[in-house]
Every structure is written in structure tokens, then in C-alpha cells.
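One chain, chain A, appears in both complexes that follow, with chain B as partner in the first and chain C in the second.
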Partner chain A sequence: MKTISKAVPKLDHYEKISGAAKYVCDLPTKGMLFGRMLRSTEARAKFGNITLPELPEGYFFYDKNDVPGVNKVQIVLDDTPVFAEGIVEYIGDPIGLLVGSDERVVNQLLKQIQVEYEVLEPVFDPRESKESFFNVNIDKGNIAEAFANADKVYEEKFHTGLQEQAYLETNGLIAEYVDGKMTIRGSLQCPYYVFGAVAQAMGLENENVRIVQDVTGGGFGGKEDYPSVLACQAAVAAYHSKKPVRIVFDRHEDMIATSKRHPSYCTYRVAIKDKKVIGMDIDVLYDAGAYTTLSLVVLQRGVIGAAGIYNVPNLKVRGEARKTNIVPSGAFRGFGGPQTFFAVEMMMTHIAKDLGMDAVEFKLQNAAKQGDTTSTSGRYHFPVPIPAMTEDVLKASDYYNKKKVYQNQTGRYRRGIGASLVYHGCGFTGNGERDLIKAVVKLKKSKDGMVEVLTAGTDMGQGLFTTLNKIVSSTLEIPMEQVIVALPDTDMVPDSGPTVASRSIMSVGNLLMKAAKRLKEEWIDGEAQLIEQRYEHPDFMIPFDNDNFTGDAYPTFSWSVNVVEVEIDSLTGFIKVIGAWGCYDVGTPIDEQIVMGQMEGGFVQSLGYGMMEKMEAHNGWIRNSSFSDYIIPTAVEFENLHVMLHVVDYPNGPFGAKGAGELPNVGPAPATIDAIQNALDTTLNKAPFIAEDVMNFLREVK
Partner chain B sequence: MVTSVFAHSLKEALEYRRNPKWIPYCGGTDLMVEGDEGAAYLFVNQVPEMRKILVEDNRLRLGAAVTFTEILNAAEVPQILKEAMGDIAAPAIRNAGSIGGNIGNGSAKADSALVFMVADADLRLASADGERILPIKDFYLGRKHLALKPDELIVEVIMPYKGLENYYYQKVGARDALAISRLSFAGIMELEGDKIKNFATAFGAVADVILRPKEIDAIMIGKTLEEAKALKEEYLKAIDAFIVPIRGRVSVEYRKDVAMNLLKDFLEVKGL
Partner chain C sequence: MSNSVKFRLNGAEMTYTENPAMRLLDALREGYLLTGTKCGCKEGECGACSVIVNGQLYNSCLVAMGSLEGAEVMTIEGFSKTERFAVLEKAYQEVSAVQCGFCIPGMVLASECLLASNPHPTEEEIRVGISGNLCRCTGYNSIVAAVGIAAQKGEGLW
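Presenting the complex of A and B:
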């Protein structure tokens, strides 16, 4: 192991463990107004008169008419209104904001507001939706020829459901307007996304907008685009009331009104010749919800990953995101990947079963190797260590023996074992880093030799401040104490891009390493110095064509192999994970403990996605909007969890590191469903698969 | 603003209870979640009469303020109750939550109440004007509807100390910890010689109240195992008709299937 990988205590460890850390809801509230959103109770409706109760002095209601700039939240396309304009598109759609000095009074007044609705016909099933938001297609090789030459063609449909990020800290922000300048602070992932959104909605010049991250209790993508919406709303109230306005959601509001993982419907047609995949013809449909938010980029990643890790010479993917009248889905760790990777991994196991082969052998036989073309006709430029990783995981889990034993079971408890082989493309898709993000980082050295790291990178528990510090201090060969990484404040830090897409270490960290190398060369004792480093596009990449979706979608990939073993109680349907093994290639870990924490946490979150976390919008209502009803794993659920790292240096990342955070959230769910189908001796095609599904299945086979 | 008072004796607690605004509060594991800012709480967790665990006349008396953890650690407590306590929530909740609260909450999902039901326990209810003993089965009138008078307190649970050894217990939650019962089942078959002396079943989280099919179970009582086996089909049919689940976090079909599966497993495991 490299020296840098050796674990250090996380820099925010003590303040969080001791309770000293100040989250946005811990900040003093003297002189502040509390805001509560007036939300639509209809899934789709025109609305007219809003009848307010008499508001006491110092209580205000704001809506679309009060937005001083553009009443649109800047995300990818600007279709999400700050406040609804005459029409509501989902239950929870914000119509207005009520603020006042006493939170209880605000809550009481909110209940008295009456909205006149003219109800319109909503659409809840994307398969029935007529409104297409985005189309993303891949056309590689000659798909017609492949199917004409096939020995056999397989066709199947797959479905995945909503998933809630379930961060510990709900969304919350404070807006304050002083001397013509709007400051937003609170729980967020991407300061400069919020910055752009607030400037546009408020019609303010850039120098009059300031965004500050407070200690943030988890994001998982759920604070990528959503804080932009909330910030614009809070800013409107702060602008008019001239008082700081605080909006902190309770869990119910956070669960019904903020973004989730996109539900998916996929149809796969696969052509097989000589037990090899020669073609895949795939329809990918994502349920975007009411507004477009991040659906385009989520869909892109899903489409690119639709062929899995396999070398598929002839590939056609028709990807589409459609509108429905439910809460918009957005970013969630894995970002469109978990849905199609689930589908392709299940598809491959089903084909293998039909061919009389072990699923893992069949997958390895079809897996891409270094130098092969990717789904977008780019190249796997770097090692693909899947065979070695698979060997390690199968051995550790005793996969083949168990697979042999777990057949023809008839007793109360039935066991199964399953595997998945997946990747996660590191960083932004396509030319995003070059054309959209254009990241800038700075290192600021003071006279006394302290080095301040200036990036917009946010730490929300994933350990970024610690790992960025390690990259800079190790490069400069100075103690970590001599390097400062603070909560980002857009008045102080350049735009190094959002903290998303498993890009922070690979992209931002790499810029910092370059900056640190320069600072080391130019270091002058006793002098203040400032080093700026800008993004440089890797020259080895095959240019990405956004229109035809060809070229290198990612500079490199992180790889993983997952095995899950379950025991099912056939009397109750209860699914117990009795063993879980994962091997991850994220390049060199910048901190072994932090990376292991990420891998274990992501593994557990994905197990939840596979066999626990069921969320549905019944007629547009998300009914299980509490942790009593939305079941996520606890610490005791998966005791027998084993995570290992397969370390291969990535030459273009700092100290050999590449993307890590999202990878463990891609593979465990399909491995779990594979284990369940093994235990039940059937083929399954949906996630999550929970106890009730087990009982429904057993009732049918009876 | 929450108002609260602390009762140091049962007498004092019952005096407060004359005013129905005072809500008995022991561990607060349910009440804290509700977060009612206008509530008036009567803290009963230090009332000595409600803190006892003792065996008297072959009956086990458990104070209503006894916590789940205390029950887990008490030598006098039958295993079936300990098993149910061990499956409740997580250690922090078990340290605070009380059996009185679990019963008084009125939920058909209450894990301790299921065991008290199958054991045909009695409740000792008291008010400032007197006290009474009520079989727990008669305590539950409907969903969140209890036979507790506005000025009464649950003081004790009184249950058999012996005869519960040959039991079957299964809680079905959505996960291993911090799980609300999706369904729960308890069964007891007490043998005397070759005859069934007591036969009792109870089904939790299936309807508005915990179901205790006492009359149907009675057909097994006094029978030999062979005679009971012959009655098995008739018995199962009667229970099947008796259990009419309601839809909740899980479907009616799921509840029915699992309830019957566990009942059948109970019979099989016990040799019927």
C-alpha cells in the first residue's frame, strides 16, 4: 500500500462525534423568519385564487409574482419554476412560501390557506406518458445483421423503483439579503449550482450573490440540484422581508418534495451466437417526474451503461425520459447507472441459465478487456481487472460450492447466492468537464507557510476535506496541519465544479496535485503565494460526439464484483442477507479507511435498493414518507459484509486514484436479486424484491 | 409549551389522573415521536408500585413502568416474553420503553401485548376511586380504542408464571432491528401427561386488535395429541375463517398467508 493510503482520523471526525459541528438547523435563529412552503395537494391542476388568512404583522406570503428575476430554477433546462405559475404538476409542487417569526404560527396559518384548483388528468405511469423530455440513443455496429446471425434471441422486461437518498440531515438553508447582496448558507453539495440559480431568479449580478456550505449531513445526490430550488425560494422571501429566512424541512416534507432515484422500465433483446453476446437491442425508459431537472444526464449514464461491462459489438439503445405527475427524480449515487446495470446483469443471468452455464462464467466470457471498444465506441484505455477481482470474490464467498448446494430446496429456509460485475464511469459524462465545468482550483500560501486549499468541493460525510488535504500536503511534503481545507464560500473559492459524479478526487484532486507540484517548485519562504490551476482535457481521450453519442464517455472506469448470499423464510417471505462480498477497483485509495467506509456504506445502500426500500407514488402521493414506513437497512442487517480493494494505479489521477463514491451503489442490488432468484429457483426482473413479493411468488407456484 | 409533573407514588399519580389532561408518560418512546407541544405529561416512570417484578401466588406481576430491558434481565420472566422483548426496536428504545406504554398505546402491533394476550394475562387498572382487574382481551375494544377510563392508570400486568414453557413465537418485521411488526404470532401448548391442558394462540398486526381465538383454541383443550391431530383440519378451517386481516403496511393476502403459515408451523413443531 502507498504511504498516502494509510488511514488518518477524518478532519471533521471529532466535531461530528462530539456534537460540536453546527449544521444549518443549529445556527442561532434570533431575528430570523421561518418559512414553510404552500404545496400542491393535486397531482395536476390549474389553480386560481389563493385565499390567505389574515396575516399578523411581520408574516408574509410570497409566490411567483414576487420573484424579482426569472421564475425558473437554473438546473440543466430551466423548466422548474421557483413557484408554480398557474399550474401544478405534482403533489408537493411549491405554490408559495409563508414566512414569519414564530414557526408554530406559520404552521397554523399555512393550514388556513385555501387554493382553488381546477383538476386536470394526471399521468403516473411513464409507459402511458405522451410527453417525452429527452431521447438519448446509441447505434453501434450492425444490429440487424447480428440478430439475423443469432443462434438464439432473448427478450425480457425489467423494472426498478424509486429510491430515497435518506441522508440523516434533511434539506435546509438560510437566505439573508444585506446591502444588496444575497447570501445563502446551509446543507448543499454544489455551491456554484446554487450560485447560478439564485443570480438568475433574483436578477442579481454575480458579485451580489454568495453561497456558503454549512456542515452537511449526507447528500448522495439528493443535495445536487434540490438546494438550487430551495435557495431561490428562500432568497425571494429574504429579499422582500429584509430579514434572514430559514427553511429546514421535516422528514415528511423532505421525502415527499425532494428528488429521488428515477424509476425505470427497460426492455432487452439479446442476440447470442456460440454462447457469446453478439448484439443487444435495448429500450430504456426513465420516469423523470414533473420537471426535467437532471434527467438528461441521468439518462445518458443509464444508456451508456445499458450494455453493462460486456463487449457488445452490435448495440442499439433507445433511451427516453418521460414526464409524469410525480415528484421529479434527480441525482442519486450511481446517477442512472444502477437501473440499467440491474437490467443487464439480470438479463445475463437468465441467458446463462437457459444456456446451461454458470452466470459468472458466461459473464466473464463476454466481459470487455483493455483495448476493447466501449458502448459508445470509445476505448477501455486502462486495465480491466474484472477476472482477477472475480476470482478473489468467488473464493472468499465460496460461490461455486454454494451455488451447487443451493438447488432443489424445499424446506422452510431456502438459500441462494448471486453475483454482479459492474463498472462506474469516472467523472462527468462526455465533454462535461471540458465544456461545462471548466474547473479552477487555487492554492493560497500565506507568509507563515500555511497553505489554503481553495475549491468549491463540499464534504458531506464522504471525507473530501481530509482526502484533498492529504493530496496537497503529501505533494508538498508538509504536515497535514499546515494545510487548510474549509467549508466552501463562493466569495473565497473558485468554481472547481460540483461535488458529484465521483469526480472530486480524480478531477479536482488531480488539479490540486498539479497546483501543489508547482507551488513546491516555486515555494519561497516568508512570502505569500497564489497558484491557480485550470482543467486540462486528457489528450488520450477519443473526442466525444454529443449528437451521435460516440467517443470516450469517460476517461476511465471503476470496477466492482459483488456477491450476495441470502436465506429466505418461505413461511414469512423474510429475506435475510447472510453474506455479502465486494471487491472494488477505485485506483489507489487516498485514504484506505475512508474508501472502505464508502464501499461498505454504498454496498448497504444498494442492498436496501434491492431488497428493502420500496417507495411508490399512489395516485401521486408518496405515502411512506417516514422512516417507520420507508425501510432502510440498519447496522445489524448485514453483519457478514466483506469489502476488499483491488488496487491498480490510474495514471491520470492524483497518486493513482480514480472515482470511488458511486461505484458500490451499482452492483449489490442485482447480486441480491440474483441470490433471491437462485433461492426461489426462478428468474426475477424487478427491484426491489421484498417479503411480499416472495409470498406472492410462492402463492403462484403453489 | 409542554407541561409536566412527576408522580412519586401511585396515590399521587392517581390524584393527577383525576384530570384527564395528564397523559401518563413512562419512557416516551411513542410520545416523543408525536411531538405534541401542547401536551401535559404525567411522569410515572418512578412510581414504586409500577416498577415491581415479582412472583406471587404462582402469578407474575409486572409493573407497568418496567422497561423492556428490565424484563429481558429478570430471572422470573418466562422465555416467551423475553423472546418478544429481544425483538423490540433496538437497545436504546428497549432501555426506555415500558410495557404499560406498549399496552396503552393501543396498537395491534405491540409486541409485549401479543405475549400478554396469548398468556391470558390480566391488567390491574386503578383510579383514585378504586381499582379493578380486567382480562387483557377485554381491554382492547377496537383500533386505538381501550377500556381504560379517563382517570385510570395501567398499574400492573398479572400473568401466569408457569405453563408457558412450550411456546412458539415469531415476529415478522421488514428488517432485523427497529422494525414494526408486519405480523406476529404466538402459540402455547401446555401438556399434562398425554393431554393438552392449555392451548392458546394470538395474532398481532393482522387486524385492529390483537386476535385471540379463545373459543376455537378451546376445542384442542383436554384432548390427547392423537385426538388433537384428528381435529387439526377442522381447527385450521375455523381459524382461517376467524382471521380477517386489514390492509396496512402490507397487503391482506400477505397477512393471511403468513398468519396461517406460522400457525401451521406451530402445530407441526408441537407434534400436531
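Presenting the complex of A and C:
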């Protein structure tokens, strides 16, 4: 293990464990107004008159007419309104915001507001939707020829459902307008996303907008784009009321109104010759919900990953994100990858079964190697350690023996074991880092030798402040105590990009390492110094062509192999995970325990995605809008969980590190469903697959 | 008829005279400004608002202030001054078990209640003992390990 990988106490450990850390909900509320959104109760409707009860003094209602700038939230496209403009597109669509000094009075008044709706026909199933938001296609090789030459062609459909981020701290923030300057502070991942959105909606110059992150209680993507929406709404109220406005969602509101993981419908046609995949022809359909938010970039990642880790010489993918009248889906750790990786991993197991091969052998036989072309005709420039990782995980889980034993089971309890081999592309897709993000970081040294790390990177629990400190202090060869990483404040920090896409250590950390090397060379005792470092695109990358979707979509990939073992009670349908093993290649860990914590946490979220977490929109209503109805894992479900790291230096990352955070959310769900189909001796095509699904399956088999 | 509730909060005598139907959670956070107790769901599912009442772990969102006559309430602010906390704190640190931290005050109090009733728990007993407290970040392995370490290092404290 490299010295830097040795775990250190996390910098935010004590303030959090002692209860002293102040999340936005913990800040003093004296003199503030509490805000609560008026949300649509119709899935699709025009609305006219809004009848308000008589508002006591100091209580105000704001809507689209009160937005001083543009009534659109800047995300990727600007179609999400700050407040609905005459039409609502989903149940929960914000129409207006009621604010006042007593939260309970605000809630009572809100119930008395009447909205006149003229109901329109909603669309809930993306397969029936006529409104396409985005199309992303891949066309590689000669697909017609591949299918003409095939020994056999397989075709199947796959479906994955909504998943809720379920961070323990709900979305919340405070807006304050003082002396012509709007300050937003709160729970958020991407200060500069919020910055751009607030400036546009409020019509304010950049110098009159300031965004500050407070201690953030988990994000997982759920605080990537959503805080931009909430910030614009709160800002409108703060602007007019001239008082600080605090909006902190309760769990129900957070679950019905904030972004989820996109539901997916995929159709795969796969051409096989001599037990090798020679072509894939894939339709990927993502349910975007009512507005576009991040669907374009989520879809891109899904389309790129649709062929899995496999070397597929002839590939056609038609990706589409369509509008439906449910709450918009957006970013969720994995970001479009988990859906198509689920589909391709299941497809490969089904083909292997038909060919009479073990699924893992069949997958390894088709896996890409270093130097092979990627799905976008880029290149796997760096080692693909999948075979060695697979060997480790299969051995640890005793996969082959168990697979042999778990056949032709007829008793009440039936066991199964399954595996998945996946990757996650590190950093922004395509030219994002170069053309959109253009990251800048700074190191500011004071006269007394303290070094301040200035980036927009946010710590929401993933340990970024600790790891960035380690990168800088290790490079400068000074104690961690001499380096300061504070919560980002856009008045102080440059735009180093959002904290998303498993990019922070690989991209921002690398810039910091370069800056620290320069500071070390130029270090002058007793003088204040400032070092600025700008993003440089790696020169080995094959340029990405956004129109044809070709080239290197990512500089490199993080790899993982997952095995899950289950026992199913055929009387009750109960699925018990009796073992779970994962091996992860994230380059050199900057902090071994932080990385292990990331891998274990993501692993459990993905196990939840596979066999527990079911969220449905029934006629547009999110039915599972509480922790009573939406069940996330507790400490007892996955007790036999084993994570190992496969360490290979990534030469372009700081100390050999590459992307980590999202990787564990990709593979465990398909491994789980593979285990369930093994136990039930069948083939399965949807996630999640919960006890109720087992019961339905067993009933049908009878 | 008395319209006040007398109870002890982190060792201090308190007389509560507000709405007896107020949730202990809200009274702690809004009235006593003890914000270490977190609100995650307000329906007793997540455990972020866990506090110790008369030695037992409670979801403070489900406790009415009126029910606390004579009770001894301990929050993370009180517990963090104890020797047992110091052992748990070090154990959590040793395995980097604190990520976003929102569940952690409740998780630490759940750890305390578990060890108080069972100073030498098995891994399974630890898992059951903290199963009323949701954590979305860690996957629980590190927290389970931390409680195990605390049980060992705090030998004799519980």
C-alpha cells in the first residue's frame, strides 16, 4: 500500500459525531421566513385563478409573476420553470411559494389555497409518450452484416424502476437578499450550478450572487441539479420579502418533488457466432419525467455503457429520453449506467445459459482488453484488470462450487449465486471537462505558511475535504494541519466544476497536485503566494465527436466485479442475501478507508436497487413517499458484505487515483438479480425484483 | 392542575410549559436549540432523532412532551461529555465510520444503548441493535466494526 492510501482521521469526524456540525436545518431561524411550496395536485393541467386565503401581515405568496429575471432554471436546457407558467406537468410541479414567520401557520394557509385546474390528458408510460426530449445514437461497424453472419440471434426486453437517493438530510437551503446581493446557503453538491441558475432567474450580475455550501447530509446525485430549482424559488421570496427565507423539505415533499433515478426500458438484439458476441442492436428508452433537467447527460452515459464491458465490433444503440407526466428524474450515483449495465449483464447471462456455458466464462470470453475499441470507437488506453479481479471474487465467494450445487432445487429454501462485470467511465462524458467545465483551482499560501485549498468541490460525506487535503499536503510534504479545505463559498473559490461524475479526485485532485508541485518549487518562506491551475485535456485522448458520438468518451474507466448469493423462501417470497462480494479498481486509493466506505455504501445502495427499493408512480402520484413505504437497507439485510480493492496506478490521476464514487452503484443489482434467477431456475428481466415478484413468479410457474 | 412538565435534560432540571403535544424532537431543536438531534422522517422510521429517555433509545419524533414528567432525557450534546462517548468516538474514527454524519448522533446513541444492555455483543447483535437507525452512506460495515471496537476498548465501561 502506498503511504498516501493509509487512512487518516476524517477532518469532519469530530464535529459530526459530537452533534456540533451545523447542517442548514440547524442554523438559527430568528428573523427568518419559512417557505412552503404550492404544488400541483394534477399530473397535467392548465391552471387559472389561484385563490388565496387572507394572508396575515408578514405572510406572502409568490409565483411566476414575481420572478425578476428569467422564469427558467438553468440546468442543461432551460425548460424547468422556477414556478409553473399556466400549465403543470406533474403532481408536485411548483406553482408558487408561501412564506411567513411561523412554519405551522404557513402550512395551514397553504391548505386553504385553491387552484382552478383544467385537466389535460397525462402520459405516464414513456413507451406511449410522443414527446422525445433527446436522442443519442451509436453506430459502429456493420450491424447488418453481423446479424446476417450470426449463428443465432437473441432478443429480449428489460426494465428498471425509479430509485430514490434517500440521503438522510432532505434538500434545504436559505436565501438572503442584502444590499443588492443574493446569498444562498445550504445542502448542495454544485455551488456554481446554483450560482448560474440564481443569476439568470433573478437577473442579477455575477458579483451580486453568492452561493455557500453548508455541511451536507448526503447527496448521491440528488443534490446535483435540484438545489438550483429550490434556490431560484427561495431567492424570489427573499428578494421581495427582504427577509431571509428558509426552505427545508420534510421527507414526503423531498420524495415526491425531487429527482430520482430514471426508469428504463431496453430492448436488446444480440448476434452470436462461435460463442462470441459479434453484434448488438440496442434500443434504450429512459423515462425523463416532466422536464429535461439532466436527462441528456444521463442518457449519454446509459447509451455508452449499453454494450457493457464487452468488445462488440458491430454496435448500434438508439437511445432516447422521453417526456412523461411524473416528477423529473435526474442524477443518481451511477448516472444512467446502472440501467443499461443491468440490461446487458442479464442479457449475457441468458445467452450463456442458452449456449450451455457458465455466464462468467462467457462474459470473460467477450470482455474488452486494453487496446480494444470502446463502444464509441475510442480506446481502452489502460489495463483492463477484469480477469484478475474476477478470479479474486469468484474464489472469495466460492462461486463455481456454489453454482454447481444450486441446481434443480425443489425445497422451500432455494439458493442462487450471480455475478456482474461492469465499469464506470471516469469524469464528464466526452469533451465536458474541456468545453463545459474548464476547471480552475487555486492554492493560497499565507505569510505564516498555511495553505488554503480553493475549489468548488463539496464534501457531502464522501470525504472529499480530507482527500483533497491529503493530496495537497502530501505533495507539499507538509502536515495536514498546515492545509485548510473549507466549505466552498463562490465569493472565495474559483469554479472547479461540480462535485459529480466521479471526477473530483481524478480531475480536481490532479489540478491541485499540479498546483502543489508548482507551489513547492516556488515556495518562499514568509511571503503570501497564490497559485492558479487550469484544466488541460489529456493529449492521449481520441477527440470526442459529439455529433457522431465517436472518440474517447472518458479518459479511463473504473472496473468492478460483483458476486451476490441469495436464499429465497419459496413459501413467503422472502429474499435473503447471504453473501455479497465486490472487487473494485479505482486506481490508487487516496485514503483506503474512505474508498472502502464509498464502495460498501454504494454496494448496499445497489443491492437495494436490485431487491428492495421499489418506487412507483400510480397515475402520477409517487406512492412510496416515506421511509415506511420506500424501504432502504438497514444494518441487518446485508451482513455478509465483502469489499476488496484491486490497486493499479492510473498514470494521469493524483498519486495514481481515478474515479471511485459511482462505481459500486453499477454492478451489485444485476449480480443480485442473476442470483435470484439462479435460485428460481429461470431468466429475469427487471429490477427491482422483490418478495412480491418472487410470489408472483412462483404462482405463475405452478 | 399543573400545566407544566418537569424533566431532566442532559442532567439539568427543566420545566416545560408549552404545548404538551409538541414532539420531543421539535422541543429539543427549536426550544432548547439542541440541534445535534436530527430530523430525518418524523415518523419513527429513520432513527436520526434518537435520544435516550430513562436509559432507553427513543425516536424523539414520536415522543410527546407531555409524556416526559420525571423523565431523564439525554441527547448527543449530553452524551458527548461522557467517557463512553469518548470511546465510541475514537472507535468510529478509527474505521472512518462517519460519512455525511446526519445519522451519526442517533447511531452513537443507539450504540450506547446496545452496549449498556449488552457490553459484549456479537456482530449480529450489533446489527440488530442499530437496525432502527438508517444510514445511507456507509453500508453499515464500518459502523458495526466501530461498535465492536468500542466494546473491546471500553471494557468495563459498560
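Remarks
Definition applied: the second predicted complex is superposed on the first by the 702 of 702 C-alpha atoms of A that agree within 3 Å, B and C clash if a C-alpha of one lies under 4 Å from a C-alpha of the other, contacts with A are read in each partner's own complex, and residues count from 1 in each chain.
One rule holds for everything that comes next: a residue touches a chain if its C-beta (ideal position, glycine included) is under 8 Å from a C-beta of that chain, and two chains touch if they have at least 3 such contacts.
Remember, predicted model here, so these are calculated numbers, not experimental data.
Look at A:Ser628: by the touch rule set out above, it reaches both chain B and chain C. When the shared chain is aligned, chain B comes close enough to touch A:Thr572, but chain C does not. Residue contacts after overlaying the shared chain place A:Gly180 against neither chain B nor chain C.
Of the two partners, chain B and chain C, it is C that touches more residues of chain A. Looking at the shared chain after the overlay, A:Gly526 reaches neither chain B nor chain C. After overlaying the two complexes on the shared chain, residue contacts for A:Phe603 are found with chain C alone; chain B is out of touch. When the two complexes are overlaid on their common chain A, residue A:Gly31 makes contact with neither chain B nor chain C.
Contact with both chain B and chain C is seen for A:Val636 once the two complexes are overlaid on the shared chain. Common to the chain B and chain C contact sets on chain A are residues 628, 633-636. Chain A makes touch with chain B in their complex at residues 104, 412, 571-574, 576, 612, 624, 628-629, 631, 633-637, 690-692, 695-696, 699.
On the side of chain A, the complex with chain C involves touching residues 7, 9-10, 12-14, 16-23, 25-26, 28-29, 165-170, 215-218, 220, 250-251, 460-463, 591, 593-594, 596-597, 600-605, 626-628, 632-636, 638-639, 641, 643.
In the complex of the two chains, the chain C residues touching chain A come out as 29-30, 33-43, 45-46, 48, 75-77, 80, 85, 88-89, 92-93, 95-105, 108, 123-124, 126-128, 130-144.
On the side of chain B, the complex with chain A involves touching residues 37, 90, 170, 172, 174-180, 182-183, 249-251, 253-254, 257-258, 261-262, 265.
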